[in-house]
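You will see chain A twice below: alongside chain B first, and alongside chain C after that.
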Partner chain A sequence: MMRLPTFTYVGAKTLEDAVTALADDPEGTRLVAGGTDLWPNLKRRHQGARSVVGLRRVAGLRGITGDPAAGVTIGAMTTLTDILRCPMLRDGYPGFVRAVASISSPVLRNMGTLGGNLCLDTRCTYYNQNEEWRQSIGYCMKEVGDTCWVAPGSPRCWAVQASDSAPALCSLDAHVVLHSTAGERVIPIADLYNDDGIVYLTKSRTEILTEIRLGPAGARRSTYWKLRRRGSIDFPVLGVGVALELDGGTVSSAKIHLGAVHSFPVAATAAAAHLLGKSLTEDVIAEAAELAKDPASPLDNTDFTLQWRRRMVGSYVDGALRELAGLPPKATPSVHGEGALALEV
Partner chain B sequence: MSEHVTATYRVNSEGRTIAHPAHHTLLEVLREACGLTGTKHGCELGECGTCTVLIDGEPQLSCLVLAREVEGAAIDTVEGLEGRDLHPLQKTFADLGAAQCGYCTPGILMAAKALIERKPTPTRADVCEALSGNLCRCTGYIKIIEAVEWAAALCRGESGARPADASLYGVCKEKPHG
Partner chain C sequence: MADRDQPRIVGTPFRRVDGVAKVTGRTRFADDLAFPRMVHLKLVRSHVPHANIKEIDTSAAERIDGVIHFVRGEDMPNTFGILPVSQDEHALAFEKVRFVGDAVLGVVALTEDAAEEATRAVKVDYEELDTIGSVEEALVTSTDKIHEYGDEGNIHKKVSMEFGDVESGFDDADLVLEDTIFYEGNTHLAMEQHAAVAVPEGDGKITVWSATQTPHYVHRALAKVLELPAAHIRVIACPNGGGFGGKSDPFNHEIVAAKAALQIGRPVKICLTREEVFYCHRGRHPVTMHVKTGFKKDGAIVSQHLKTALDGGAFGSYGVASTYYTGALQTVTYKVPRYRFDGLRAFTNKPPCGPKRGHGTPQPRFALEVHLDKAAHALGMDPADIRLNHLQPKNSVTANWLKIGSMGLEECLQKVIDGSGWRQRYGKLPEGHGLGIACSSYLCGAGLPIYWNHMPHTGVQIKLDRSGGVAVFCGEIEIGQGSDSVLAACVAEVLGIDLKDIRLCVGDTDLTPVDLGSYSSRVTLMMGNAALQAAERAKELIAEAVAERLQVPAGQLVFAERRVFDASDPERGMTFSEAVATAESKFGTLGTTGSYTPPRSPGRFRGAGVGPSPAYSYSACVIEVCVDRETGCYTVPKVWIAHDVGRSINPALVMGQVEGSIYKGLGEAMMAESALRRLPKKRSNALVHKFPSMLEYKSPTFLDMPEIVTYLVEDPDPNGPFGAKEVGQGPLLPVMPAVCNAIFDAVGVRIDQVPAHPQMILQALDDKARGGPGRYGPKRFPDVSWGEPLRVPTPDEGGDGKAINAEQVGVRGGTMKEDPEGVKS
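For the complex of A and B:
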């Protein structure tokens, strides 16, 4: 048996309990929501904890309120399966729901929460290994080592942002609510992420993510395309979240975010700007897809070869935009969570 | 010695009060404290699905649940599947040879039970998706999928003809994942 290390467990019943426990020992305390990221990380000794604060029994953190016309609020403890089973989210924010449908596997989605997904640890082929393996290379900078094995000589860690819902929610301009003993603040979700594989969130360790807020859906179209080796279980090797609005045939707003190509969800701003004021023709889409490759700077620390992953950024942005434009797919369409969407109706 | 907790669990509708190390997962408590070794330990990291049990009716991975967090919840394991007779899933898995080494079977049976209860008439794509977090290294999945479909038919009260032998060794016609 691969056992968890020992720690003090605090089963919080109120948000107050949880923020107080965090404030007592911010460096030694970790939160647990569904545990599908925290427990594997503790078992493999990637992370340690003097105490763990369980959010499962905190009242008011689970649930979906509002409607797409006015905007929707999702509690951080809402499970990924809860999201898939919510018809109004499917109607109003299809890109986000598709991203959730493509996360891990059905059993894991019954456990994993949206808050946990957004705060998910970054990943790297030199890090997500068992302890003996990591010890044999003297660990790396993300732990107690001093070298980054992906880019030796680099002063920083390049572990990749691995949450599927993050790029989708960035493209939809969602906001997150953070709570601490100091009070509450609301920030755009893109600002939650930091350009660093180790300190990958900007929130302080005393803050708890309590809510995810989506603005009115309006006439926005959205989608999410995910590249991975198998049709289930695997983390993204590339995630493309796109949201756009058309006004009389021309694009009036566009957002494209790329996941798993950097330590944070990367905005493909030039590609999105290229679409503005234009009709979504095959040529315009192909040009935007080419532009989207620039900000993606993946390193060789996930599944698949680096060169191919770079090429796929263009193909996936092209495919996602073609889908939103109603154009036929260029190749046999890949599947991005359709199985889960059909199962969980 | 590590800190122990005493907690009451509802396993297969039976209350069990158990003292166990406070940091143990539900998998450890089921196997080591309750002696219910039907639930298997595989990767222990969420990747294989063999430790799947039902928690309040939903399939979850017992290796990634801190036991004390599910005190009071309804926990169903493979040992509770059989009533007076074998559960239809047990019958069809046995009749179709849907298990070879059998290590993944307890997890698959529990995931399939939840599927049939939620969707009595699952499509083949539904079966593939519902089992897509449960790995099997022996069977190639076809017999497993057919056994679940056959069991669903039996649960619906249909006469439930055994799937044609030809399809047992055929290919999955509806491709689940692109």
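For the complex of A and C:
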């Protein structure tokens, strides 16, 4: 059996407890929310920890407040299941809720939190293996090695951003609140992510993600298309978060973010810009979908082949935009999370 | 006598005898066991794929708190292996390692954590050797041998046999079709990881509890490696949390635990991690196949030539049998009057392959059924008819000398054709939707034991006494398939008692008669027959005593409802316990035995031992798929399957096995693959399992399962207990080809390999759009010189089952001679 290494556990009761504990030993301390990412990683010895600060009992970190008209604030410790059970989120931010519904399995959504999903470690099939396996390849640069095995000539790590909620929230222009002993700061969620498989967050090691803020839903339409092997459970091999607003039949704002095809949720800016001021015809959508492939950098470190995943970027962006335009589908998404949503109704 | 035509339990969906204990967590699996003073074992495994071991340095590990002992390979010089012809494993490698995961040292500590920490502190110095990662590489690498034995170079086994004049058959054909097809390897994925506990007894004996499908073979391997008399070793098979063939070999962890227990005089336990289970493997061989068939205009096969190349991994395991099995059962479904089979198995630096559900037959079955689908289209026939019109008849002998008894495939085909609406729907569904059909057959136990002997393949002992309780002893092992329930049902049926009146004692080499194990779909048929014999003998004793007391002819007595009574006057009788007491008074202590040995098969040539079985099960399957042309993704909304089980002992369990087969088959068709990964050669020598974890090794979950319509076809086989045949493996086989045939019906492209991934469908669609054949699959079969095939005239040619050129062909070096002493000199 794989067991956890030994560490000191700090069950924080207040945010101040937590940030103080973190500030004591930022390099040797890990935060745990639901534990669905950290515990397996510790068991596989991806990460060591002198101490782990548990956020479960910290008051005020869990809950959903506000409404789609004024904007909604979600505590970072809110479970993924709580989000699925919140009708106003489903009505106001369907793309986000659909992304959450597609995460993992019901049991893990009961434990997993939104903050945890946003801070999910990047993943790679050369990395997410037992220690004995990693020893067999001489480790990789995300750990103690010096090579990125998926791109051996590369000076950087190409581990994949694997959160479903991240691209969806990026497309919705959400903000996150980071808290430390120095106080708090609010940043656009896209700025939380760094273009690197190792240092994948811009959040410093003394900061705790406490809140996710969604602006007024307005007339914005949103969706999330997820590609994965099984409809029941799996990390994304592609996530497409799209949000757009139409003004009298033409697109007045558009955001497209791609998950799982880079080390961060990458914005398909050219594709989004192509839509602006145009009506969502089949041709315009197809052109945007083609443009969306450009920023994607899938490599051979997830399930499926990289060529196919790259091609699927076009198909899935096309499909997501067609859905928002009310056009009949060409492709069927492998997973929409409807099953999970139906379970929670 | 037992009224086998009107059974009371057999044929009803009774609750399985181990069901309540399983669902309430009271079943004791190997990992649940604990003993006083028990310590823990972990194995240090090689992290290099092929290397000579220079030095093992335990100095740092020795200093870890709680570490008490190391077990070294040199302490166990005798080799072992499941087949007498492939005794090529050491309990711990001490000269060279052959794959990432090969065990080199045992570490024993007071806690599992300490043992694990110590394995990381052990330093092994390796001199790395070139690695062989594929059949092609094995074929061109004759030096740098992975093993010193084998037919040639790194070819473990090469076989070639011809039944009838195959070439002239092609000349007579109206259509000759050739296909090259690939089946990727995959693994068993049983929920329970392997575990074993070895307990030294006070008198120098030892007991080993293990999650094994084959305690009898573990027993033999332990005796050989530990150099102890077999009588001093007791192996107890715990109920397996799934086996599927993955627990059919004797394993190094069982032997090392036993050795450690003997060395330190304390119980020693080992539980493998999931990653280690992927390294134990013995899963489905990756097989490249080439099939060439001559057909008449009506779809009749006139001649067939099948070539298979198996990537065997690092050890022999069942590989010689697997190789023969890739050719053996191609003839039992449709008439194949002339047949040639060439097969080879290569050693590679990968986890060793072996038997997985269907052992060696799903791969060629996939090739044959996809090939037939193409032939039907080439001949303008309905794929259902090319099968229906040319079935191998019942009570016949095939070209390769397999004796067919009952054969319910025609009824199976009719059931799925009707159920799926095949005649109305095939070829006519909307774009992207399709139906595919395929058939299969499987053994009900191998006709020959793994090591040559004339003893029974299974035995059952029954002890009865005045309590009315009946204790049944048998070496069979419950691996989830329901064998305990079959054993209890057979005995309870004959004696007219309740299942609850039976106490089972199974899988214990000290207490139970030998049963060869839960593999080869042999248990229901063989153990069932032995149980019937033992129960009938007990019934005779009781009937004789009761007849005397009641003054009724013994033949007039009925055993039912826990009573023994006069058929003509049911009031005249006694309870079962009174009846047993009557017999105990008359005969003294009561006990009976039964055993079973399969009938001799007509084949008399080298290799004829693989394929014969007392009976063959048959399955037919129709699968509906829905393919997205834009992405290549596809789903399976519905499956219709009919299985000829001879007769169901318990239809609920039979249906469970059928549905489990569909699950496993869909996994193999759509996603499951034991792929290996080689790092860039100039930077690394690594050759590793791509995904040794249950998250990234893909297998469907229950949420991914389609609707399944199951039809049980009951055509009792005279060789089966109550007419029963197997169901554990056969129904898996038609699933993979039916999926690929359905993809063709849906979008018109051929995927000639499994798993069939979405990108393959897209590539084939692109190919078709460019005017190509619209196919994805392997391009060529490796170049192999097969030499002179063993020529065996067919029954139709008046053959006698013997080869006519055995002396010219001779025996190759792939067959290891078993050293009877087994001790390395």
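Remarks
Please note the rule applied: the second predicted complex is superposed on the first by the 340 of 345 C-alpha atoms of A that agree within 3 Å, B and C clash if a C-alpha of one lies under 4 Å from a C-alpha of the other, contacts with A are read in each partner's own complex, and residues count from 1 in each chain.
Rule of thumb we're sticking to: contacts are C-beta pairs under 8 Å (C-beta built on N, C-alpha and C of every residue); 3 or more make two chains touch, one makes a residue touch a chain.
Since this is a predicted model, take the numbers as computed values, not measurements.
Once chain A of one complex is fitted onto chain A of the other, the partner contacts of A:T305 are limited to chain C, with no touch recorded for chain B. Contact with both chain B and chain C is seen for A:G231 once the two complexes are overlaid on the shared chain. By the touch criterion defined above, A:T125 reaches chain C but does not reach chain B.
Of the two partner chains, chain B and chain C are each touched by A:R3. In the superposition on chain A, contact is made by A:G54 with chain B only, not with chain C. Judged by the touch definition given at the top, the superposed model places A:V32 against chain B, while chain C stays out of reach.
When the shared chain is aligned, chain C comes close enough to touch A:I137, but chain B does not. Using the contact criterion defined above for the overlaid structures, shared-chain residue A:K330 touches chain C, although it does not reach chain B. Chain A residues 1-3, 230-233, 332, 334, 339 lie at the interface with chain B in one structure and with chain C in the other. Contacts from chain B toward chain A in the complex involve residues 2-3, 21-25, 27-28, 41, 44-47, 49, 52, 58-61, 63-66, 68-69, 111, 119, 123, 125-126, 128-130, 132-134, 176-178. The touching residues of chain A, counted against chain B in their complex, run 1-9, 11, 32, 34-36, 39-40, 43-44, 52, 54, 56, 81, 104-108, 110-111, 230-233, 332-335, 339-340, 342-343.
Those residues of chain C that touch chain A in the shared complex are 45, 47-48, 100, 112-113, 116, 120, 271, 273, 275, 628, 630-633, 671, 679-680, 683-684, 686, 688-693, 695-696, 698, 700-704, 757-759, 762.
Contact residues on chain A toward chain C in their complex (touch as defined above): 1-3, 125, 128-133, 135-138, 147, 149, 152, 229-234, 303-305, 307-308, 311-312, 315, 319, 330-332, 334, 339.
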